[in-house]
Structures are given as C-alpha cells and as structure tokens.
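Sharing a structure here in structure tokens format.
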C-alpha cells in the first residue's frame, strides 16, 4: 500500500489535462480499429455512389467532385460524433471526467483533438484518392486536402456540442444531425468553395483563410460550449 | 425562496392572461388597417403590377423570422446566466411562432418569385439563409421536445439557440459569399420606383400587427406551459379549484 | 469553532430536489466533519443517488444549500472537484482497456503522481494483481467493483480527495470484497477523510457513523 499522496493541484496543469483526455481517447480508438475503418469505408462508398447515380460523363463528374467529396466527408464526420461522448456517458466515465481536477473544457479540448486525429485526418488523407476517380488533378487535390485539414476540426468542434446535447435522448442520432448540419453550412461553403476556385483558376487563399479564421475562433470558444453542454446533459 | 428570485411564473401567469386580449385586439386592428392600405389604397407597381402586393405579408414576416430568433437568443442568455425559468418558457413559447413566420416568409417569397422571376425557388442569398434559419428553429423545437426532463430541456435549448445565434451572421455571410461566387443563379429585386410613402406605412403597420400577434400568441402559449410545468404547485391547484 | 485548515466539513441546509413533478426530498439538514461517515438508508427510488449527485455538484438542487470546506457547492465548482470523489452505480471502466490501464486512467484525472508500483500494489491488495493485464470486459461485476476499490485505496486520507461520495459501493462485492471495502473506508476516516455512503447493507464501519433514513414521499 502506498504512502499518502501529495496534494495534486500543482500537478494538474491545463496542458496535461488536454493530454490525459486525448491519450485516453486515442488509445480507445486504436483498440477498436473497426470503428476507425467504418467511417472511412462509409466515406469511400458514398462518394463512389455518385458516378453510378449521375452517370460516367467525366466533365460533369469533375464539376461536382469538390461538392461530393465535401458533403460525404461532412456526413462521415457526423456519423462518428457519438463516439466523442456516448460510451463515456453510458459507463459513467463522463461523470468522472466532469468531477476530475482538470476543468471540463480542457478535457473536452483533448477529446476533440483525439476525435479529429482519428476521423478528420484519415478522411483528408483518403480524399485525394477519391478525387482522382473524379478526374481531379494535382493542385486541385491539394486544395481539397488543405480544406479538409482546416475544415474537419471545425466539424468535430461544432459536432461535439451537438453530440453532448443529445446524450441519453431518445432518437439522439437523427436529432443530432438536425442540430449540427445547419451549423456545418459555412464550413461546407468555404471548403468546397476553395476546391472549386482552384478548378476555375481563381485564388484559393480567401476561402482557406476564412476556414482558418473559423478554426481559430472555434478553438477558443467550442471547448467551453461543449463542456457546458456536457454539464447540462449530466444534470 | 431563491427559486422565485428572478422569475415568478405564478405572478406572470395572471398578468399574461390580462394582456393577451389587448395584444390580440391590437394585432387584429393593425392587420385590418395594414391589409386595407396595402391591398386597396397603395398604388399599383408600374413594373410588377398587382402581384407586388404580397410584399405586405412577405417583408414583415421575414423581419419577424429574424427578430424572434434574436429575441430567443436574448432569453437564452437569461436562462443560462440567471437560471430563470420564465425565460426558458418564453423561448419555448416563441419558437413555433418564429418557425411559422419563417415558413410564411419562404412560402410568400416563392409565390412572389414565380410571376416576377419565373421560378418558385432560386438559391439567392436571402432565401437560402432564411431556409437555414427555418432549420435552426426546427432543430430547437426537436431538441426541446425530445428531452423529457424539463430543466435539462430548457438549458439544452438555450445553449443550442446561443450557438445558433453566433452562427447566424457567419451563415448569412457565407451564403452571400457563396452566392456571389455562383453568378448564374443569382437574382435580385430591382426596385423600379421609389417606394411610395403609403406603401411604407402599410408595411410598418403590418409589421406592428405581426409583433402584437407574436406577443399575444407567445403569452397564450407560455400560460399553457406554466400550467403544464407547475401543475403540482399550490397556486395552480387553487386556480383549478376556483375554475371548477 | 475553528477547525484545522485541512479538515473536511460538509454542511447541508434545507436541501430540496424534485424530479419532474415528484418531490424526492425537501428541507434536508445534516453536517459531517473529518473522520465521520454518513450512511444513507432507504428503499429504492427514494433519492439516495440524487442526493449524492447534488452533494457532488452534478445535479443542481431546487432549494437549500450545500457547503463544503466553507465554500458553497455549485455545479462543477473547482473546490468541489478538488475535494470530492464520487463513485456511482457505473464503474466507469472501458471494456477495451486492461485493468491496470483503467485504474491508471481514473487516477490520471486527479493526479499524475501515482507510480506504477503504487497501482500494482493497490491491485494486489484488492486481489486483482494477477488480472492486471486482462481486458476489463472479461471481469465479473464484483471484480469491476474492485477496480474502484483499488482507486479508493490509493485515495485515502486528507491529502487527496477528502470527501468520498459512494453509491452502493458493496453491490456485487463478495464477503472478502466487502471486508476490504470496510477496511479502506476505516483507513480513510482515521486519516481525517469523510464519506457519505448510500447502502442497504450494514457496513460495520469502526469510526463515528451517522445514519440518515430517507422516507418515501407522496
């Protein structure tokens, strides 16, 4: 049996809180590889449905490619949102997080980073392959990847708020889509806008900068909003 | 009792009951005057003819669609910061009216669009962002109805409206940006003539009527919500006894 | 009356909570100081869990006040999170993590100062030492409860989280487990901690123990 522990206030810095929450969720994500792969598979399959629905004409496919890739990425992220809080809510971990010495917004930030690393990043890496199927080329593919790298964290952050609000609510996942999708519209517009701008040879920095600006604002605000939503759902 | 410190549904209930007929009457009278001015007195538009008269419904309802969301955001702040129960009840009471005005604004816009632009729907910045506003209303109503515990529903709804209201300017801006990027679909209303004073007056009176209607309906609804929520409390029981 | 700066005090005045239209408790008064334990008794559904959640700052009461260490308990206030250790019905275990990883993650929420040797010592003490690398999904209910017990053992006394709020802690524990639990709580109390425990069973704690009988309400 160990000796009495020291008072731990000085040990619980915010950075450490982000790390603790992130490490935990990353380890869990790695242990359940299936879930990781499922979101990616969904993304690939849904994108591949579009040519079958609208025909193999290459000019048309190229024209709609950025929109298709973005809408599908958005849906794929949305489907993974319950992962952020749902199982923690059911097994009592969320209460322990809320009562830990670390402030909840800090832990939420860590969870958001973990979620982005396990959904947004794989989606961004896969997107160029799908873009190739639609006849997109080098620079256009790079703009799609850049847009997804900047945009998917925003989807995670806004989505975390919605996911926390519907915890324990009947029919939660459809409800969450209702809440979250309208909030996703600006990200969709700027992200797909950047990709389209690159196709018609217009400067893409305006769209990407706007995404970056939204990302910065989101990083400051959304951990607090998500933490507030978790507290409401635990009450 | 700290419970009743900021809001007292028990004292608001009779007050709202007394005010409803007044606001209702004002709404009716203003609507009659406004519609009369708009439909019969105001001159015909020399470009659009009679069809433009739908503006007297369309514009005031579009205003209300936005105002009510802003009002709900204000109540959301009160709910989250001061934990007042009445403000959350007011949000719940206002939301259906806001959604209704948003739907009317879209509907009348489509009816107006067909004869003037030749299409019911165009992905123009205003129409698109109004449509998104309707989604926000629907999301709020769905969330509040899905959560059984009323205390939680109040706070969750308030947080959602607050997040939504921060997003509304971003959404509007992004849609506008997107719309100018896609020149093809864009359409704009060209006002051939300066709006006559009588038209402005009719529109202002109609807007006033919509306000009065919203207040009257919201008060009616909030009374029902109060009764539903406070059914177990002593003062509600005494009302029930007095009625029966 | 001056108490030592580190002593635990919990003071509850006029506490009331309703869920929906049903009143769970009203005008509840009690207090608790270092070294004492309070046992909540009463039939199912009487509000024991809700009371513990109010004390932990998870649920906001409708009326009355809870004062912990001279500061009022508000939802998720820092001084509550510093002092309160709440273990509810759920074990907060992750099926896909091993026993030791689960324990380490739970401890990491409050401190990063527990060595692996400490953790293994605590797991040995609750007879989970040989299962430390087993996935939590393969544990029995009682064994899952014992992981929480290991956490408590590493948490004894004033220096760490000093106010324990435990909801049916002996559920699913066998005789040996229950004895371990009682020993752990006794140690915590003797080191100056305090505890509020909801339980149906007689626990046989050695320290000063008060009981609060909660009544069914109309």
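As written, the chains take the letters A, B and C, and residue 1 is the first residue of each chain.
One rule holds for everything that comes next: contacts are C-beta pairs under 8 Å (C-beta built on N, C-alpha and C of every residue); 3 or more make two chains touch, one makes a residue touch a chain.
Everything numeric here is computed off the predicted structure, so don't read it as measured data.
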Partner chains shared by subunit A and subunit B (touch criterion as defined above): C
Core chain by centroid distance, with centroids computed from Cα atoms only: A
B-C against A-C, pair bridged by the larger set of C-beta contacts: A-C
Farthest chain relative to subunit B (centres taken as mean CA coordinates): C
Computed distance of Cα centres, subunit B from subunit A, in Å: 32
Subunit B-subunit C separation of Cα centroids, rounded to whole Å: 48
Computed distance of Cα centres, subunit C from subunit A, in Å: 35
For subunit B, residues that touch 2 or more chains besides their own: 149
Multi-chain contact sites of subunit A, meaning residues that touch two or more partners: 235
Of all residues in subunit B, those that touch subunit C in their complex: 1-3, 149-150, 231-232
Partner subunit B, residues of subunit C touching it in the complex: 19-21, 62-63
In the complex with subunit B, residue positions of subunit A that touch it: 158, 161, 165-166, 169-172, 175, 178-179, 181-183, 185-186, 189-190, 193, 196-197, 210, 214, 221, 225, 228-229, 232-233, 235
Residues of subunit A that touch subunit C when the two form their complex: 1-2, 4-9, 11-12, 16, 20, 24, 27-28, 31-32, 87, 90-93, 95-104, 231, 234-235
Contacting residues of subunit C [partner subunit A, same complex]: 56-60, 75-76, 78, 80-82, 84-86, 88-94, 96-97, 101, 105-106, 108-115, 117-118, 121-122, 125, 153-157, 159-160, 191
